[in-house]
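The following pair of complexes shares a single chain, chain A, combined with chain B in the former and chain C in the latter.
Our next item is the complex of A and B:
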């Protein structure tokens, strides 16, 4: 194992090393009126994590993509600054005699997540374990979903959480990864066999049965999630990720179209028969109809966007609380984006979206350069999942689509979300490393 | 390999990122100013809790609303309940309405009328300064009109037809907004009482009340038909005298004349037809104009869509007035000639606001130019002295009018309206609108009564629209619409109120 200097990565990380502590310092001054250090140690801890991750990748000779970690680091940095700025008693940990506030807890999860990322990025030399046990992965996914259905408890109207003593876990976050692995493996195996086959009904070409059946099965799972767990966001994310992978595997736009039609029809049926789906849609169509009742959250989110304007109110100067309560409930998870947009303005919001775009397009690049179909499809699935999740939650915050309760990767508070997102990054880096090694190997031979 | 498909996917994702960027920019840039003034915006609520709030004065400089900060909470006091439905309320508990809402950011000083000063204030992070508003409404006329309505439910809207400045806008019954704008801990009970009151005192009838107009719509029918050339001032309909007694059969349905009070039917052109308020004549006029042009003119006059008083980013809303059953936010098509004929004399599905009808009168008074109405004249620096500061920060002038019919059509309609109040036949119906009865000599008012039949045993709504002075070449100074809910005939209740209000204004305006 030779050392691999990662100069581009280091240069791109340097601004983050300066800006995150600076953001903490500005927040500190804005909130207390003078600089007294405050929780600056958390910013330094965050920088230390990034430095550590970078150095370990260098020392362990990792040859993977060098833009991914800076993009993640920037998103996470904005997230840490915002979470440190919000009231610290919104969330936190008190276990084993340790009391941690929200930002400190999030930092802890970043540490856990980065370790997971490094282990996977460096340790996953052979993807056979992912590829060959696809039905085990599918079973694991069903287990996760079943556990949520049986043991889950409700937060904010959606049943997504399982209580595991000191920590609560959101199985959906991990189910996402398992599904992507399964679908990538399934499609990689069947793709060559099936791209030639086609059934035509009118202008639509219907996918052959082996495509169609898993598609229907997944669709059933998704509808179950919508109806039983009341989690429209996760459903949209799963189905969107699947359709994206199907499109890349087959190149058939009509399959995606059929999938979308299925989703719309299923959703319309759900709308007719299930009150909670109806309420969601009605709130989306006109949140201002009941701004102090059902439309409270989305309306307050729009106000926060409006207050931010182009340049933002400035760190620590947004209107986070009013008369003792939060102006937007769940600002640290579902609405973290609006908090960023309020204090950093449209420019900050665009920067955040830009970092997500960098992540997505590097992910697609990794997919395009992947050495085999499985790796490529896996990279596409992971990238699509992260990208769509970002687009769905920001789209929901800005009333582009109905509001859903999913997290903004690397920015929202939440251990499950952070850990799952880092696992996905680890997988992307592993794929990227493998193709880089392979390209060198080819050139050398 | 899959690389080609990945590249195509990249394009779709790029498009998605662009769309999401657009939706962010939409709220942060395009919609931000509108969001900033909404009463339930936490920023506005926060500001309202503690910041002193500007004073609101009437056109003559009398205090209508003022604030005191007690125990760190800003509380509002209103001096005159006649203004409640214009000014609205600013409650720590229930948000704000009316001008208190539309001009919230200016009153608490969050928005500076001068954008450069606002930017400087933002950069320096200055404490917002409250600013005062001066209305176009005159307290003397407002109180006079409120007293005229007395205990009846109804509305009076009066404006300057040349500028669109609202001079009085009264809705009754009204209420005292001070208790619900004061101490938030005791505001719930008075609010509940208002909400449960069957007389609906919370409804701003002048802007949001919808009523069948009856014969006052004939003014619109006449002006539109004259402008389109469907009739001339001298045009007659040969069958009309016979139909006055026998009825006018349209599509098998017989339209009957109202009680003409013993006046013998004759072959009437526009002026006498308006004087006796002949339904038969105006049914013919409407049919001669045709359904499509009828609705097209109506839209020009502001019907069929919500209206606004004031600049559109801080407007007081006015409900849409409809001539037919509404369809997708517009007047739907007429169901047939019977409905068109009935709408021509203000019945069928027609539902209008008093503000819309006052603007109809103003458009005739303005020789065919309908003004844009407004209620706030200017923004001033804050003054605690009980009189407005001399420092004017911003002025909301007339937004200019829009031509709705030709000068000739408006003039011919005006002459018929002068006759309707002052002519030999007209005096029998609308004579109580004559301003000379109320001490104005040598001046004439123009007008039209309306007695809106509601069907069944309900007493009709009493209406009058008009303007003064209207004789010869005089420039009208006031246009009015008066509505008294279930007030009986237009001549009995609304016409004398309108006459007295117009006379009072001419007296006030001449300094007498």
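Our next item is the complex of A and C:
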């Protein structure tokens, strides 16, 4: 077998190998007033991970998309630079007698994530386990949700963490993947029925009830997340992903319309009856009403965006701490985009959005080239999920929509988020590999 | 004095960093465009049909396993040589099944065969809609519907 060199991937990765150490060096000079190396080994470690992932894909004969790894690498690189720049005691691990700061811990998670990505991208030769066991996946999802409901503890008003000894995990991040697999499998099977059969109510045509019920069940799950876990971001993400997949599978606008009506109704009800939803919306409408209390975080974030301007304050030169505390609380998770915009300016923020756009574009391309309905819908779901998550949190950071605490994929600090995002990338690569192999098979026969 | 030098150095480095960031982005744009052009050509060259069958398993080797069959809108499958898709297998009936493209979807219907028609391992008793990726079993011949 001929070795596929993945030249495009390497060409895109090369400047990133320079970019990340350069960012670390600038931060080092800005913070200490001289260049003493500082945590440069973390940048080298990050580059080494990308090189390793690239080489393994080449050696293992992977034929999948070549733009996805560099796009992820660029986003993760900007994230690593920012996390290294923030105070290192914000987060970290101290397992097995080794103390790791925040950036080092994130690097560790990138390593774990990339291994998961490679195992899935190369190992998932047959998607049967994903496709045919859909109710097992649904059960696994309900189990994850149930575990969060029963065992979860609250951070910042939302209950989405489970304590597992040395690490805390966010089951919602993995629930997301499991749900996308289930929906893709369900829609691939019932797609034709959903498109052909119809029940007319006025100008709306809805599918017959047996096919409509799982949609309603899913809506119930989403509402449960809002009400019981106070996790608006995840709820919005699930719902948006589901509607996107439903529209792609059926091509019917009426389903999207029904979904949006459900969303508006659900949101209005939630706004009326649940204090935390009301607070989020009120802060969004006018953060300056209570700038030192409820509006503290968004007000500080808006000022940080303003300080950044077009060109940014410069790496390591932003105002991260103020009066003994962080300028913006949760800057390393929810507000990492604001930190990027403050130090790299509008230019840096646009570049970050550009990399996310490349990821979404390629994800949809993988979906379009997929050989079967299930793979295509899976790719659409994974891409929609990653893209919507990026939009929801960046929108929240910039006060475009009410702030909901979710992570910015590959940029925010957080083990569960990094691992889950890499698993999704692994699945996308596996689908893309399968179509590439299939296309070659045709040419041969 | 050293403070000024440091500030200028940082500014230059910062500009270099942003420039490099956009170089990466430009390279991405270049790769995307190149892929779009080649994909367009590939599409013109290959994708004209509405679907095809990949033969996964065929003990009598007619149709040979590993090949793909281009499909028209209406395909009859059976052991009679007059069928659109001729299958040489002792477990296949003379006129076994019909595979048709209607509207936006593929459908398969058994034509009263002796041994039945199976979709993803389940025997069908009425016309059944097929999705791309579904497996169709006729006698001992296993085929998959592909785009």
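As a convention for this text, the second predicted complex is superposed on the first by the 441 of 445 C-alpha atoms of A that agree within 3 Å, B and C clash if a C-alpha of one lies under 4 Å from a C-alpha of the other, contacts with A are read in each partner's own complex, and residues count from 1 in each chain.
Convention: contacts are C-beta pairs under 8 Å (C-beta built on N, C-alpha and C of every residue); 3 or more make two chains touch, one makes a residue touch a chain.
Values in this document were obtained by computation on a predicted structure and should not be read as measured data.
When the two complexes are overlaid on their common chain A, residue A:15 makes contact with chain C while staying clear of chain B.
When the two structures are aligned on the shared chain, A:282 is found in touch with neither chain B nor chain C.
Within the superposed three-chain model, A:315 lies in touch with chain C and out of touch with chain B [touch as defined at top]. When both complexes are overlaid on chain A, the residue A:23 reaches chain C alone and has no touch with chain B. With both structures placed on the common chain, the touch criterion links A:394 to chain B but leaves chain C unconnected. In the superposition on chain A, A:367 makes contact with chain B only, while chain C stays out of contact range. Within chain A, the residues touching chain B in one complex and chain C in the other are 251, 345, 361, 373.
Chain A makes touch with chain B in their complex at residues 244, 247-251, 291-292, 299-300, 302-303, 305-310, 319, 322-323, 327, 341, 345-346, 349-350, 353, 356-357, 360-361, 364, 367-370, 373, 376-377, 380, 384, 387, 391, 394-395, 398-400. Residues 6, 9-11, 13-14, 16-18, 20-25, 27-28, 31-32, 35, 39, 46, 66-68, 103-105, 129-134, 146-147 of chain C are the ones that touch chain A when the two sit in their complex.
Residue ranges of chain A in contact with chain C, taken from their complex: 8, 11-12, 15-16, 18-19, 22-23, 25-26, 29-30, 33, 66-67, 70-71, 74, 188-189, 191-193, 195-196, 251, 311-312, 314-315, 317, 344-345, 347-348, 351, 354-355, 358, 361, 365, 371-375, 438, 442, 445.
On chain B, the positions that touch chain A within their shared complex are 1-10, 13-14, 16-17, 19-21, 23-29, 31-32, 34-36, 38, 40-43, 45-46, 49.
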